[in-house]
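Just below sit the structures, each encoded as structure tokens.
Below are two complexes that have chain A in common, paired first with chain B and then with chain C.
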Partner chain A sequence: MAESQAPTAAAGKAEPNHAVRIASIWLVLAIVADLLIYFVWQPHLPPGRMSDNARGQQFDITVMAVLCAPVLLGVWTYFGYALVNWRRRAGDTEDGPPIEGNGKVQAAWITVTSLIVLSLAAFGTYELIVPAGAGGGEGPVPIWKPSGVVTTAAWTPGSTHTLVVQAIGQQWNWTYRFPQFGGMETTGLELPINTPVEFHVTSLDVIHSFWAYQLGVKADANPGVDNVAFVKPLQLGQFVVRCNELCGIWHGAMFDYGNVVTASQFQSWATSIQTKERANGTLAALPPYATTYDPTEISQLGQAWAKLGIVGAGGYYYPGPQTGTPGDPVSP
Partner chain B sequence: MAIEIEPEKAQGPSGPVHAAPGNSKPWWARPAVHTGLIGAVIGYIIGHWLGNLISPATAGVSSFSTGLSDVRNWPLVLGYVFGTIGWLAGLGVFNDLGRLMLGKPLPDAEHAPAGGVAKYFRYTLDHKVVGIQYLFGMTTYFLTGGLFAMAIRTELLSPTYHVLNASQYLMVVGEHSTMMMMMMSSVVLGPFGQFFAPLMIGSKRMAFPRIEALAFWLTPAAYVILLSGILLGGFPTGWTGYEPLATQAGPGMDTYALAFGLMGISLILAGFNLIVTYINYRAPGMRWSRLPMFVWSMFTVSFLQVLSVPVLVAGLYMMLMDRTAQTAFFTNQLGGSSYLWEDVFWFFGHPEVYILALPGFGVVSEIIPVFTRKPLFGYRVAAAGMIGVSLLSFFVWQHHLFDSGINPDMRPLFMLTTELISIPTGFIYLVAAGTFWKAKITFSVPMLFAIAMYFNFLIGGVSGVFLSDVPADVTEHGSFFVMAHFHYTIMGGLIFAFMAGIYYWLPKMLGVKMNEKLGKWHFWTMFITFNSTFLPLFALGMMGMPRRVFEYQRNLQTLNDWVSISSYLLGVSLLIFLINLIMSTLVWRVKESGNPWRSRGLEWQVSSPPPPENFERVPVVLSHPYLYGVKDAPPVADLNPPVGVVASAYASAGLEA
Partner chain C sequence: MSLPARIVTLLVAFAAVVAGAVFLVVNYIASSLPTVHYVASGGVVNVVLQEDPQNNDPSNPDWVSYYVQNPQTKQWVHTTLFSVPKHTRVNVTILGYDGCTPLRNNYWSQVQGTTGSTVTVQQFATVGKPIDSPTTTKMINSWSNCAVAHTFAIPSMHLFVPVPSPNTALFNKDACGVSPCTSGPHSQETFSFMSPDHAGYWRWQCFIPCGGGFLDGNGGPMQTIGYMTGEMEVSA
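Let's look at the complex of A and B:
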């Protein structure tokens, strides 16, 4: 390849130093953009600051933005400058300067992009491992766990013990089981503040994905698979739970709201439901708490629920043999 | 090396044409689209009957997904399979095969003598005819998919459902996404790849003209089968076809598997044909270091297709078996795995998105040297970038599964490979930046589209960096952010490059110019409305709106309405394009026979449209196609080498001519 002289050196004597001009414009824009992103935009960036994961993700998104803004601005500045300054004048049929390559520029480009990319990968790995999976699903046997937390058979407020919550996806809603409260099952989700929570996400039918947006938790719910994710809520308030994996016709309507409450509020909420479910026989009818469930057995449970007047989507906890046209909600 | 170097020997599709046996028949008795349709109907009836015959045997088998759809699947699936075979048979795809088996002589010409318009509706073996067929086919498929997109946006005008019900909405989402992802894989590779593969390497023909034509004629079958899903209630899975939802779904799901499978076979055949053509049919002097960038992109994409698409076809076959023969590849309770589909699908699916991206790089790299009047900067870097992207694209697929719980300890590795792929992708920008340096830029319509492609793809690429970071991906995964990201790379990249290609190459393909004024209107409206449609989607995704939902938070309505209205305007812009394309090619027909862009490309050295054999004699390539402004640069090729000069050169080097 014909290596011509460096573009900057190729500039004629009357011509301004394009490289310096472009670099100066870029530097000013990049510094302003990065300062704005870091100090002005960061507190408003999603997913907010409700949990340790959310804060970690917000920081990651900020770092990405701080790194990417100069790249975007660099390309835009360069091409904008080129399009304004290096257009063909009317009547000019000459060709441009025959620059077929430039070893220094190419080497510099490759070095800089490689450095950015490798540092991003190192940063991302650190941000994934240290916060114990950063809220993403880690499979049945998580290898990155929060340090220093203890899981006990019962959970009491005031302790730093982990609260275990199982999120069960089914067409088309979420239910939650609490093994530390007798395996009781609820349709709503409340979480105590400042408490490490261990989500076990599974599904009874197709693939769903448990996405607690403000908590920064996202874990796919696969049938027959236990998918673990960790979070520690740090602010009181409401959060949205959405299904994030296309799971059939009512996927769009598969969302509800959860609340982060104080530890004592949570304790009274959980024990009251546990008491109620014990009294009306729900706890006895539920299958024993397990990390996964076989839906072919749960159709028996569905009958028990229906007998109790507690029904899920379309009338059954889990649809039996379908009778309607495919895709219709099954009616009892 | 099997390089055809004898100029005297007729090897082109329209060599010495002898009266083919069928040519004396009237037009309606010769195989064409109408006989294909008759064959399809007959085939469907046979397949349907056969399916009914065997389905009672499995109707009683109960599985996790037992439902009424199971007993209806055999007749439907076999009907479509036999219908497709009937369609191809009716088109005459198997005629030459039959002649060979019966020991009869083949018609000498590889296609019927160049007729008028009729040749575009037949199984024609001329790569130039196939290219035009692809051009109009792909435009139709693209605009159909676009109509579905506008239906999606209509539903999303309101945060609750108001126009389409939940099941219709998913049907429209599935049709739009599958139409775009599977058909648009050939949007550049079909029209321009097939038309220009021989022209750019100085060959008179493709390696396998029959396979090439077959690859095209599978696409209308895939298109019709996919659309027929509407009559069957659609399919609820989107283009990703996730299991076990796909096993649970109604008969519309079969149309997804069959249509995608047929299109997959088409891609494998087309890619295979291009690889063989590029390796074996380059003209003398067309070294690898002189290959046009567009050929490099087609070459690398072809490898991606040949290596990755079979994985998809195998997966779809397993899906169909699960749905008909009651196997359980993807049913967890019966020993299968829902992860298996995710793995198989994305092992194809990620190379697939580069199948969609690389042709765009090729087109714009071909166009910018012409309109900057400068050599392509860093030719080797550009080629290395394409090879690097295609290699790495096989090592990143699990970034689609970061939150799925599969191989969680591998996430740092896939994060690294995903981020690494931005290095070779960045080469494309280095090449463009170097080429624009002190250039003499002409803002023609193709150049405008090429510049817009660089603009859009940059946003798509940078948003991909956000997605590659696992912690950030926990928020962005599966949201509208991802949607915006890949629309910026595919629509903003590939489709803008496709438009650049049409405005650039249509004078070459058809000998007529596109109207420039309408072209500029088309460009500016499309560029503005495209960005106005897709830029807000990044924000929507970040604010927590998942993909493929018909309900969303009320506070997101303003942005969604803005996007919907922009999408209608984008539709208007594409209407301008359609009017321009139809009027320019069919009505106005402003002739353009020379080299309007003063391009050095080998394809521009012959007349427009190219003569039937492309080159009178196999040219001898003398130099690089991008030597703009180089003093005393030799012409790109000697189109009329003295008879025997090549053969004697080979002989003196001790090679067999």
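Let's look at the complex of A and C:
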């Protein structure tokens, strides 16, 4: 790139080859920048190296940076070179040469930028599909799944069996259900290391978004929708779970911390909660595990309403003194 | 327009914007709710709250609401802001004057984060007239008997407490209709927790969709500080 019309040289001096000079400066800068990005910056780029998705996303961001840095440096080099060499000298009142397009520069610019954009599109598509959705929510019927893993009714440590975790958003807290542990529910999230995890993200009220930052998982939590995302944690430690969809007054406070632990630590954590919830009656009080929780379809909730003398919420969960048609916000 | 005129116009416009912003901020701060301060004595602090089916604010009189009791005057303050000292045992008493609403997520029927993971509950026909003896429990199932009116939760402390509704028959007969409630059938619930080790603000809220008349019951009082949600300030 960066080929240019050289302004008329000062009288008596041979004009140097500006294009070669600019290209040389640019090449050195670009190589240095790309080496620094790849080897020095990459390990510190978000979202870290805690899971397969996180590593993939970090690599993708590195590739973007490695490709973008030379483009940015090309523009900066040209500007810098022009400012230093082609600025107006004292006493110089002459006009610059007329510029009437340059077919070669235009063709090269269009070709190179098209190649960069199209290859990034191909790269991005590959990086989304091959790592099983790359940690993004794929909806209720995911078409990109991790290969070679199985989901069984029970989960045991050391297995390559998928751990199924349901993330439930509600104003304003996340809870988690573990169908392989009797459908027990928790406010905390522990995950076993080196284990394929299948998240089922849903909501009990408005739209939330489940964002396990260091795991590279982000999936919208829509009421009535089962949104599936996959991850395999690869490092022990803490991660943060945030709600990533404006969901009301405490949206900003809707975050918590989870932990990646060893498989046996996870097993004892999960079974201890299951035991506690069986003993104190919580398990029996929960509705059966389901991929979504439409209040009008939970029979225990319907029975609770019936005991209150309320029959049919008309599309509303809370059958208060309201008017209007379902789907419209109403005022009392 | 001459240069001085343009400069003056610009300065006046700038001053108007600044004045507007200052007015909004001052107005917001001045209109903010009072905070009830609880001071420890003997290493414990006693926080007393009540839950009412209505409130005495003319702007939203039919919204359900919490009240906080001033520890000195024993007056009920219409606010949901209170402060406690850090690293102190907090004994909470909640008087439940409001009727039941089923939880959307019945998981919140479980008591979590209190000392012993329990609450102690007693029912009253009116103030000073218990109709049963105190019971200590680890959960109050909001679906089986519709026994829960609201919840008190400080999510970032993993503290989640269902608060029982009054005896249904008594409530249907003479529920408290004037807030703050000083008589009428109510539940009394007590539990304890340790306040955090450092100063700051902890959001608390109810998980029952109790915003009657709002879509899914989650608007109005559920989204408004001073009604079903507030902040616990932890002082140094």
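By our rule, the second predicted complex is superposed on the first by the 273 of 332 C-alpha atoms of A that agree within 3 Å, B and C clash if a C-alpha of one lies under 4 Å from a C-alpha of the other, contacts with A are read in each partner's own complex, and residues count from 1 in each chain.
As a convention for this text, contacts are C-beta pairs under 8 Å (C-beta built on N, C-alpha and C of every residue); 3 or more make two chains touch, one makes a residue touch a chain.
Not measured: the values here are computed from a predicted model.
Just chain B (first), just chain C (second), both, or neither: which does A:N17 touch?
neither
Looking at A:A134 after the superposition, I want to know if it touches chain B, chain C, both of them or none. Which is it: first, second, both, neither?
In the superposition, A:A134 contacts chain B only.
What is the contact status of A:L286 with respect to chain B (first) and chain C (second): first, second, both, or neither?
The second partner, chain C, only.
Classify the contacts of A:G248 with the two partner chains as first (chain B alone), second (chain C alone), both, or neither.
Touch status of A:G248: both partners.
After superposition on the shared chain, which partner residues are touched by A:D205: those of chain B (first), chain C (second), both, or neither?
After superposing on A, A:D205 lies in contact with both chain B and chain C.
Between chain B and chain C, which makes contact with more of the residues in chain A?
With both complexes superposed on chain A, more residues of chain A are touched by B.
Quick check on the output: what are the common chain A residues between the chain B footprint and the chain C footprint?
Residues common to the chain A contacts of chain C and of chain B are 205-206, 248-250, 253, 295, 321-322, listed in rising order.
Spell out the part of chain C that touches chain A in their complex, as residue ranges.
62, 100-102, 104-107, 109-110, 112, 117, 138-139, 141-146, 153, 155-156, 158, 160, 203, 205, 207, 209-220, 222-225, 229
Given the complex with chain A, which residues does chain B contribute to the contact?
Residues of chain B touching chain A: 64, 66-69, 161, 166-167, 169-170, 233, 236-238, 240, 242-245, 248-251, 332-333, 338-339, 342, 372-381, 401-409, 411-412, 415-416, 419-420, 422-423, 426-427, 429-430, 432-434, 436-443, 451, 454-455, 458-459, 462, 465-466, 468-475, 477-479, 542-544, 546-553, 626-631.
Under the definition above, what is the set of chain A residues touching chain B in their complex?
1, 7, 10-11, 18, 45-47, 53, 56-57, 60-61, 64-65, 67-68, 71-72, 75-76, 78-79, 82-83, 86-89, 92, 94-102, 105-106, 109-110, 113-114, 117-118, 120-121, 123-125, 127-129, 131, 133-140, 142-143, 201, 205-207, 209, 211, 213, 216-220, 222-225, 227-228, 240, 242-253, 255, 294-296, 321-322, 325-328
What part of chain A is in contact with chain C in the complex they form?
168, 170-173, 175, 185, 187-188, 204-206, 248-250, 253, 256, 277, 280-282, 285-287, 293, 295, 300-301, 303-305, 307-308, 316-318, 320-322, 329-332
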